[in-house]
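To start, the structure under review is shown below, and the notes come after it.
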Amino acid sequence: MAEPLLVVEDLKVHYPIGKTLFKPGVTLRALDGVSFTVGKGEVVGLVGESGSGKTTLGRAVLRLVEPTSGKVQLDGQEVTTLSAGDLKALRSKMQIIFQDPYASLNPRMSVGQTLAEALMLHKIGTRKDREQRVGDLLEKVGLPRSAAARFPHEFSGGQRQRIGIARALAVNPEFIVADEPVSALDVSIQAQIINLLQDLRRELGLSLLFIGHDLSVIEFLCDRVIVLYLGRIMEMGTAAELYSNPRHPYTRALLDAAPVPDPTVRRERITLKGDLPSPINPPSGCVFRTRCPYAVEACAEVVPPLETFESGHRVACIRSHELDLRKPLS
Amino acid sequence: MTDQTTPLLDIRGLVTEFSTETGVVRAVKGVDLTIGQGETVALVGESGSGKSVTSLSVMRLIQKGVGAITGGEMLFRTRSGQVVDLVKQPENAMRAIRGNEIGMIFQEPMTSLNPTQKVGAQIAEAARLHQNLTRKQAWARAVEMLALVEIPDPARRADVYPHQMSGGMRQRVMIAMALACNPALLIGDEPTTALDVTVQLQILELMRRLQREIGMGILFITHNLGVVAEVADRVAVMYGGRIVETAPVRELFARPSHPYTRGLLDSLPVIDHAARASGQGLRLRAIPGSVVDPRNPPQGCDFNPRCAWVIPACRAAVPALLPVVPEHRARCIRWNEVHG
Amino acid sequence: QQSGGTLNVGLTYELDTMNTYSTGFLADAQHTVIEGLIAPDKDARYVPVLAKEVPTLDNGGIVLSDDGSKMTITYHLQENVKWHDGEPFTSADVKFTWEAVKDPAFIAESKDGTQDIDSIDLPDDYTVVCNYNTVKPNFASTLFTFGIMPKHLLEGTDLNTSSYNETPVGTGPFKVAEFVRGQYVVLDKNTDYWRTAENGDALPYLDRLVFRIVTDSNTLLTQLQSGELDMAVSVPYGRASQLEGVEGLEIIVGPQLSWGHLDFNFRNELLADVNVRKAVAHAINRETLIRVQGGFPIAIKSLVLPIFDLYDDATPEYAYDPAAANALLDDAGYARGGDGIREKDGKRLSFAFVIQSGRADDENVQQVIIAQLKEIGIEATADNKAGVAYREARYNGGYDLIYGRWITSADPVYSTFYGSEGENNGQGYSNPELDVVFARLENTLDAEERKAAASEMQRIIAEDLPAIALTQGVSVIAKPVELKNFVPNPTNMTNFVDTKEWYLEG
Amino acid sequence: MTDATVPAAIAPASPPQSYWRRVTKRFFKRRLAVIGAAFLILLGIVVTIGPMVSPYSYDYQDFDLLGMPGPMSAEHWLGTDELGRDALTRLLHGGRVSLAVGLAGALIAGIVGTLVGTVSGFYRGIPDIILMRFTDVMMSIPTLPLVLLLSGLFRPSPPLLVAIVGILIWMGTARLVRSQFLALREREFVEAARALGASGPRLMFRHILPNAIGPITVASTLAVGSAIMLESALSFLGFGIQPPVPTWGNLLNSASSWLSQAPWLAIPPGLLILFTVLAVNFLGDGLRDAMEPRE
Amino acid sequence: MSLGFIIRRILGAIPLLLGISVILFVIIQLAPGGPLDMYAENPSVSKEALAQIAARYGLDQPVPVQYFMWLKAIVVGDWGYSIRTGRPVLDEILLRLGPTLQLGGLAMIISLIIAVPVGMISAARRGSKLDGTVTVLSFAGISTPVFWLALLLQLLFSVQLGWLPSAGYQSIGDGSFLDRLRYIIMPASVLSLATVASWSRFIRSGMIDVLNQDYIRTAYAKGRGEKAVLFLHALRNAMIPAVTVIAVDFVTIISGAVITETVFAWPGIGRLFMESMNGRDYPMLMGLMMMGSLAIVAANIIADFCYAALDPRIRYD
């Protein structure tokens, strides 16, 4: 595995909810002790159901939300304790791409202004240079230079997503969090963006934390995959290993649930019952146990630690040794 | 399984238009579609291709003053065996069909239920409306329906408000509501798109089970080819307001004969492990360009600006739906090259 | 004369209390209920009411002390008077009234006259002897004239919060039937009224008097026009013409002991310059002022109204003469600036001009004066104040120019306005010479002496010009044609001081 | 068809359209709003120029016409008031004052409201709590009585009156701006700017405020109407701007006495208040449609 | 909606009320002159008398002390004494509250009866001629100066036609329901004008929002007709946001009565307020303003409760 660029250790994000003068309120554990690394040039995928804390993780890493506790290091530099000034400098090293191509561009700014702002904030180039660079950036993401003069509403969703990517690239980051950048796009457009990301990654040697819920996209794009459930990591490992040899029942259930675009395939699979429990009141022990077909009494007692298997494959399940999830259920 | 002779719903040349500030938008430009009894037809296509408008047209729920059905016919076989043209039905006759003979489920389970009514009441409303039930009977029916859609503890759950339920539950409620009167046809407009994959699977399995039990025809609108492969008997692919290809599901996946269908299947991220290892082939075959602007459709074939097989003839006229094999038709003059 | 009938009268102010001593307004409604020992008549002369006669030097009712510095006044009371509750009215009630009003705990609007009396002796139930500590020629305009309070009901109660303030018990021709704040007060005939008409009829004739509170003058007029109100006693001058031709209504113009005056604030050094004051006097055309007030008021030159004996027609007059006014100002060194306003040593002749807002007539007068002053290069800016704010300004000199209308009793005390210590002198005006004259005027009962002093006073005021007397007011009364025996009263005791003989015809 | 990353064509015909261009285009489609705007512009011109070309000044009195309102005539198109002043001149001059009070009051309300809303919605936390509690307090005191109380107790000069009017109607704008900020600050483009290192003022003024400008403009426009109405109500109750300076409110107040005899005095200021506020409302409504189109 | 929520919500209003009272107190303290000025220049009121009056009203204390004295008194229901009439402020206010509530209540009923159907129809037929007319009319209603309209109506109905009394509360000695109705109808109509207009706009836009919601489409898909959808599904949801506006506007109606009551000689709170203004009756003004604010705060709380009752999504516990 490549030298780590990003190191996250025991990261927690808790939101206080409904606290008023007359009411104590409760804590929502959006992220509850997450540790992982992203290597230089590596693409790490993050999957999990809605509300599992994927976005929160992406933003906490960039310190767009303040972590409650834990460590985040980029290139050896601790992010969580940076002052506002230093944080700004760090912003040129890590960037983010968003899901919603409609909400992620300022409708009042032309594309050129949006991109130039990024350059200006980090004092890249002179005013004249910037015009040139904006054009270059647009070409890099497959848009004509003339797009700079236009406004976001004049573009289609896919084009806007390209603009969003160009903005992230403007400051030459080493690391990008991509928060479901293709989920809102049509399948035909989605492929264009995936290709673009692939190209950029190859050309620029970018590291990516790619958040998604489409398992096939993740598998296609990522070197390693992290499976998140209710703010905890359930399993992580290389894409090949995880998809072919899932060791956590949740991973297996996710893989099973993903519809395969092949009408000839009929599979046996685990169907999860019910929905994600509330992160305000997570189950004791293993948070997945309430929906887990393999749950035993012991699961309620201890929070299973992330155990390491061969080649960095790590799983948080006390029964991971005894279960063979490769085989279909009987 | 399918009754070929008299389909449940036979849409012919449906045209639906909207008048907007920037002019008239033809959202549906002559759709032909049949759904047999007990058959599940999947309608796929990209955003804005007219899938929802087609389904709303069937329900005659296009908002007055905003849009209107301006052509075609929709022959629907009612429970009594009578065939009526939905386009020509007066409003009150339509009312007797909606929710009764045709049920519908929408994409957003969060917003499609009335937030201020208990779910039981909302299901009972449909039953009372068409089946002359008393309040009590209707409520009982609602509870029964909730049980049918596998909601645990249905009697208690009937008594809660939608916001007290999860997304998957609400979608079950929607299904219960749509099926409350045993409709012959169920239309689902992307009923699982907003759900997590795990919940999507639950819903798909539920719908499959219900169809087996009740035997209604289903028009299942989606843009997820995986879901299509799961549920459909037959698939219709829409592009730019027209059906561009229609075929039984296996046939379609095996031999896509329209460039758009082909492109769609090709652009799915599927791992080629060999290529990956060699560092090659990490690219997808995406369809270039962007979706059609309905205000400004291209000349001739709607897909021609994005098509790799385009020839001048494609720009001259809109191609007809050409038969590929029986039951498989594609709107492309070069279909035999495409599926090759 | 026939008895019966109801008269609906509009009151343009918010009736605060039925107590004559604490009301902030002229006590229209109160005077129909509560009677004083004496009262002014239509010619502003005092006539007896609860007293058998008006005490004078001649009839022995007033006795001067040997050195002439004090006086004793004796009232002989009517003996057959009963309070509305049937109790007899006696001299104890008179003394109680003095004590009650004097009591510092009682928050009264008018305590005038209480300080002048040292003590009161009650030789019997129907004789009151007031021992004054001074000589008060105007004793009649205060205290006992306003009304007598019933001792048997009020002794030991807190007058500030007593129900007397809503439903006073008096000896008058009408009794309070119902007082609804903000709406109306209904007064019913006192069937046991102690007086009878000359022809022997029981008084009063009217069954009922209703005072309805209609503060908005537009609404007042509307209600008169629509017949919801029968009568209003202070129709704004400017509005009287609107009532012409309203069926069943007639407009009566009654005299009024009031005069409109423009006062200067002497704290403003520009106004302390007599040339400026004189120029202002010459700049004002009374004829215009009268016209803007519907032609009703009467031009005057002295603050002593011609109706009084003390009036001196020889008082100097400032004719309307803008040229003279301009010349005065030119000579005094006030040159016109670029905007036409005069200035001297960088000080502009620009003044804040206060009137009581909401009084349409005064507002119009103000507008005319502003325009006329502009002609001679003086700028006046309206700074109108409402209610208490106006009074506050008037008392404290919160103005440069102020226009107002004093309404007085039948024997006004002028030093209160222009004496150095005058309680209504908010102008900061002080003229020792004038103070001496006031002292002469106000400490004697000798008619000749008083007349001479008054002439002197009128001359000095006209020459020194602390204020310009502009017009004498009249009261414009709208009344039903059928209402007979109505006699307008010019004093501050209001037209309702004698309602017992009013009757409705037909 | 190997390289699929073909630059997607952008419809080339139309020139780039900024927000304002689109707003303008949409605005001109609202008939009532355009009529309203045209009326206001026309009114603005007329009240500016009118008093200049009028042969009378607003306080010039023709003493020959004193006492009664004068009828409409060739010299006095709208007649004269009971003080012999030209009604038309006063009406136009009054328009200046009323419009100025309305505009200035709304401007103050807009500025204060935007400022409070911005700080509150952007910084949240303690400043938000303090400012919003204060806003709540201000909103919980009935407005008209409070304005009356202030102008009755303090007898304000016209600028102070404007300030009072403005200061008492800013709360709605503040709430609105705050809610806009709260919503917008969570939007992804703001997050993106933050991720790029943009901080406080830049986020506020470059990213959030321009996107909230629609509702702010609408609210401020409508506030002009409220301010004009408030001034006229004050004048009607005798607490407004002092005569002889005319405002539509005090013109109406003094003319209302003559309503039955000289309706030509009372009708025009009443109608002008009505039409002006109506035009402002139409304009505001049109702006709302144009600036915040409901998709 | 639990009892706990109700109590909490009411307790939560206390700091608000304290804030309001401080602001009002400061405004009144800052006003030039004071209530005693009306005696200051009256030589017949002696210095001792003045001091006595000052002590009686607590005016001799420092301002913060005065505030706390006032606060302490008000908590136990002692709102002080009117300087103008010498009667307890609370008594005076309560006396005038009745007529104002009648006027405001009727205005509110009129407003609701007109605004709700008009707003609904307008929304259901948006873009139609009817909607256009209603829109223009409601804007006109919002834009009409109340006092002007009042004068025109008086002129028409009382002077010209003689159908209704121009002003006042009731005929003396009558006061039957019908009699009162004749008096109240004109002021109540005038008072309701602005709210009819603004509520119908509000309900229209709320209704349009709701009609664009997915669940309305669901209702149609069930086979419901338009009327049923409007009444059974749309109305309640559209009324939820309207509740707040209506509750708060009720207080606005009442404070707007300052003008209406003056014009129509209506013996209510508004007139009392004007009297007190003119008389610089500070304790009364303070009491009135406080009462008004209390009403707004209460209206907001009630609106919250209605909200909670109408909208099951909002859980207050």
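Read from first to last, the chains carry the letters A, B, C, D and E; within each, the first residue is number 1.
Here is the rule we go by: a residue touches a chain if its C-beta (ideal position, glycine included) is under 8 Å from a C-beta of that chain, and two chains touch if they have at least 3 such contacts.
These numbers were taken from a predicted model, which means no experiment stands behind them.
*Asks:* Along touching chains only, what is the step distance from chain A to chain C?
*Replies:* When the steps are counted carefully, the minimum from chain A to chain C is 2.
*Asks:* For chain A and chain E, which third chains touch each of them?
*Replies:* Both chain A and chain E are touched by B, D, going by the contact rule given at the top.
*Asks:* Counting C-beta pairs in contact, does A-B beat B-E or the other way around?
*Replies:* More C-beta contacts join the chains of A-B.
*Asks:* Taking CA centroids for every chain, report which one is farthest away from chain A.
*Replies:* The chain lying farthest from chain A is C.
*Asks:* From the mean C-alpha coordinate of chain A to that of chain D, what's the distance rounded to whole Å?
*Replies:* Spacing between the chain centres: roughly 48 Å.
*Asks:* Report, in whole Å, the distance between the mean C-alpha point of chain D and the mean C-alpha point of chain E.
*Replies:* Taking the average C-alpha coordinate of chain D and of chain E, the gap between them is 24 Å.
*Asks:* How big is the gap, in whole Å, between where the Cα atoms of chain C centre and where those of chain E centre?
*Replies:* From the centre of chain C to the centre of chain E is 39 Å.
*Asks:* Could you check chain C for residues that touch two or more other chains and list them?
*Replies:* Correct list: 218, 225, 386, 389.
*Asks:* Note the residues in chain D that touch 2 or more other chains, in rising order.
*Replies:* 4-6, 8, 11, 152, 256, 259-260
*Asks:* Quick check: what residues of chain B touch more than one other chain, meaning two or more?
*Replies:* 267, 283-288, 290
*Asks:* Flag every residue of chain D that touches chain E in the complex, lowest number first.
*Replies:* Going through chain D, the ones touching chain E are 32, 133-134, 136-146, 148-150, 152-154, 225, 229, 232-233, 236-237, 249, 252, 256, 259-260, 266, 270, 273-278, 280-282, 285, 294.
*Asks:* Looking at the complex, which residues from chain A come into contact with chain D?
*Replies:* Touching chain D from chain A are residues 59, 62, 64, 84, 87-89, 91-92, 95-96, 98-100, 103-110, 117-118, 121-122, 142-144, 146-147, 149-151, 153-156, 158-159, 164, 167-168, 170-171, 191-192, 195-196, 199.
*Asks:* Taking the touch rule as given, give the residues of chain C at its contact with chain D in the complex, in rising order.
*Replies:* 217-218, 221, 225, 238-239, 241-242, 285, 288, 291-292, 294-295, 357-358, 360, 363-364, 366-368, 370-371, 374, 381-386, 389
*Asks:* For chain A, which residues are in contact with chain B within the complex?
*Replies:* 49-50, 156-159, 186-192, 194-195, 198-199, 202, 213-217, 219-221, 240, 253-254, 256-265, 269, 271-273, 275-276
*Asks:* Going by the contact rule set out above, which residues of chain C touch chain E in the complex?
*Replies:* 14, 16-17, 22, 24, 104-105, 107, 110-112, 114-115, 160-161, 165, 178, 180-184, 186, 210, 212-216, 218-219, 222-223, 225-226, 228, 386-389, 391-392, 395-396, 423-424, 426
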